[in-house]
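To keep things clear, I will list the structure first and then write my remarks on it.
Letters A, B and C name the chains as they come in the text, with residue numbers starting at 1 for each one.
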Amino acid sequence: MATASDARDKNWFIDKFFQSLMFVCGISAIVFVVGIFLFVFKEGLGFIVNDLNVAEFFFSPKWRPTSLHQPTYGILAMVAGTAAVTVLAMAICLPFSIGAAIFIAEFATGKTREILKILIEFLAAIPSVVWGFIALSIMNPLIITTFEVPMGLGVLNSALILALMAAPIVTSIAEDAFKAVPDTYREAAEALGATRWQTIHKVVLPAAKNGLLSAGLLGVGRGFGETMAILMASGHSINIPTSVFDSFRALTATIAAELGETAVGSPHYQSLFAIGIFLFFITFLINMTADFIVRGVKKG
Amino acid sequence: MFEATSINHHNDQVQLRYKIVFGVMLVILIIPVVAILFTLIAKGSHAMSWPFLFDDPKDGMTAGGIFPAIFGTIWLVVVSLLASVPLGVAAAIYLSEYAPDNLLTRLINLATINLAGVPSIVHALFGVGAFVVFFKFGTSILAASLTLAIMTLPVVIVSSWESLQSVPRAFREACWNMGATRWQTIWHVVLPNAFTGILTGVILQVSRAAGETAPIMFTGAAMFLPFLPNSVFDQTMALALHLFVVATQVPDVPESLPFGVALVLVGIVLLMNTVAIWIRMHLRGKKKW
Amino acid sequence: MVSTAHNKIEVQDLSIHYGAHKALGNVSLTVRKNEIFGIIGPANSGKTSFLNAVNRMDMMRPNMNVSGTVRIDGIETRSWRNVYALRRKIGVVFPLPVGLPLTVYDNVALAPRLAGTAGSRADLNELVERCLRRAALWDEVKDRLTHLGSLLSGGQQQRLTIARALSQSPEILMLDEFSIAVDPVTTMRIEDVLKELKEEVTIILVTNLVQQANRLADRTAFFLNGECVEIDDTETLFSGSAKDPRTNDYIGGKFG
């Protein structure tokens, strides 16, 4: 017998080859996440070992990496600024996004719905740097004249821009959360004589609660991670903001503004990578939590 | 009877009121898009001309055109696509067609979500640490494009996965039953039918990559270069970074110039989005099963 | 002992589980070469699972667990090094028609092309025509060979599926309630084809129509609730001399 009828042929080997290839590509996401951590950690390691004073890093508002006599590396002011902007942005973004999501999911139909979703997609498509430019050239003079303040760059401007940037993603996740609520719930409520709003308020919103929470969290993650727009909208001065018109500086923006001026391997260069590690962990935590919440919903 | 209709009427009114409230909230989100577009067009169209699109910048970037930036953005996007599309589609194929329901698959999904959530500036740090310093690509199109590719990879994976999942399982079963290997099934039946969806995702990714600034500013994009890049090991100008530069770094820029750059950038991005949307609608109109 | 040379498929102690759910338990049977082996029984009695196990489709389904042995031509299917070659020997027609989103021609030409046995264009044309004729579809689609197979009517798609199963030149043909989506006249035409095909292939015919088994099958097995109640010559089974009263009841139309 020359060839057994169960012999492995060309197709069998091609199949095995591609299965292995797809597997290697499949795990690439893991490789890259680990790689990002390792490489950013590697570059920042020198700072963490030699120069890092944990108390100063987290609790000092003074970021003076270039000071000749006594460089200080405190990120408190930046964390405070970023947090303030993120909170304000979410406070603006969440109600509108969830309202918009309710309209799209529960009220709009057919063509209207399509067009609305396209417009929201357009909102999501505008690049970060263009938002920054809008903050600088349109919002800045607008805030100055409206509130009669000397400068329009700062917490308010950044928060408004960030709210608009986060709106599409929050809207679309919230809409998904509403769509995930089974129609039988709505029908049951309406069979009991509830109006559409009562149904939404008493049935759909509670059922979509976790989805909305994770939408909010992802918005927060976006706020912490946003770079170019905040760099341009914040005014970029190191300062714990006390009013919405105060200028501040974001963690991300610090890296973006200073990395180009540092020498590879210098403590300043390494300290920027240390900020990167911090950002990586913060967003990692936020994303994991958001994912965990969403998955909790799907299982339950 | 009369009572009931009056309650219904009241309820209808309440419902209408809520509909209006939510509608207004939505409109408030949409107004900025429209307003931004109109402002960009109003203020940027003065700058628009053939020389603006096809000349080099002049007088310290306060005049002249933006051709090197457009050209550079095309380079960056094309090279990043060459890396991210095959890798991302293959990863999606693994997740959709091969991956068993186990811990590793769960980890891959978590990693994909995280990769999408890593801030763009951290991607930039990774690009510097890995491609510029460790692999010694220097600041180059290659380093910048690879950084962009990794950043946009999750988008490709997720959108391709969705397209692959939209192909009915019965088609796969039919193929397996006739003795087709898994790969033959994927190549001859699944991929061709997921192609339009994957293409839509890729186009959206083009639009995203074209607009990114942070990941390229330290890895390969230069503020100003007097020449066009010849290879992937050269630096290049890029549209998004150019907007940042003329808006913040260069003194005495006429107002119309950054608006012109922003208009071109937003124009490209929205054009890509429109194409993607058109393909999606066209696809929906043409049923194949 | 009967010489195994006459047996195409030998099944021993076959059990199938989906997770904790038992779909089929301890089935042992043999299918002889060039016979039509009928399997009758009500829904959820494990008939389709049985076919999937023969075809080793459990490989593609993480939650399907198969124990026991299935031998084809004396070789245990689990030990086949190339499961795809095994499946190429077995044509399958499932109850819900699946026209692939390829042209009608490509639907039928796909299997030989993938197997690398397509030969010349003329050979392939001839094969496609022969398979479509046998599936009683040729006259309806001969002018529409370039149309999408997935857009044919349900009945046409079912016959396309049959043509596709034949295009593999299978040694075994497994049909699972093929007549669900086909009108009675076409069903009769296909039944005639099956009688002819018996000369070349071994056929397993799962059917919900007991009279179809009576018309076609040489031997028939009765499955009930994941159990193989009885196997016998069709004639014996249908003449009222079945050993198990449940078989008589089912054939007599008392349940099902």
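The rule we apply is simple: contacts are C-beta pairs under 8 Å (C-beta built on N, C-alpha and C of every residue); 3 or more make two chains touch, one makes a residue touch a chain.
A quick note: this is a predicted structure, and the numbers were derived from the prediction, not measured.
Undergrad: Most contacts: which chain pair?
TA: Contact tally peaks for the chain pair A-B.
Undergrad: Relative to chain A, which chain has the most distant C-alpha mean position?
TA: C
Undergrad: If I average the Cα coordinates per chain and compare with the overall Cα mean, which chain comes out closest?
TA: Centroid comparison flags B as closest.
Undergrad: Between chain A and chain C, what's the gap in Å when you average each chain's C-alpha atoms?
TA: So the centre of chain A lies 54 Å away from the centre of chain C.
Undergrad: Counting only Cα atoms for the centres, state how far chain A is from chain B in Å.
TA: Comparing mean C-alpha positions, chain B is 16 Å from chain A.
Undergrad: Between chain B and chain C, tell me the centre distance in angstrom, where each centre is the average of that chain's C-alpha atoms.
TA: Centre separation, chain B to chain C: 48 Å.
Undergrad: Chain B: which residues touch two or more other chains?
TA: Within chain B, residues 181-182, 184 contact more than one other chain.
Undergrad: What are the residue numbers in chain C that touch two or more other chains?
TA: 84-86, 89, 114-115
Undergrad: Provide the list of chain A residues touching at least two other chains, using ranges where the numbers run on.
TA: Each of 11-12, 15 in chain A touches at least two other chains.
Undergrad: Show me the residue ranges of chain C that touch chain A in the complex, using the header's touch definition.
TA: My answer: residues 73, 75, 79-82, 84-86, 89, 114-116.
Undergrad: Under the touch definition given earlier, write down the residues of chain B that touch chain A in their complex.
TA: Of all residues in chain B, those touching chain A are 11, 14-15, 18-19, 21-23, 25-26, 28-30, 32-33, 36, 39, 86-87, 90-91, 93-95, 97-99, 104, 107-108, 110-126, 128-130, 133-134, 150, 153-154, 157, 181-184, 186, 204, 207-208, 210-214, 217-218, 240-241, 243-244, 247-248, 255, 258-259, 262, 265-266, 269-270, 272-273, 277.
Undergrad: What part of chain A is in contact with chain C in the complex they form?
TA: 5-12, 15
Undergrad: Given the complex with chain C, which residues does chain B contribute to the contact?
TA: Result: residues 100-101, 170-182, 184, 188-189, 192-193, 287-289 of chain B touch chain C.
Undergrad: Considering the complex alone, what residue numbers of chain C touch chain B?
TA: 55, 57, 60, 62, 84-92, 94, 96, 98-102, 110-111, 114-115, 148, 150-151, 161, 164-165, 167-168
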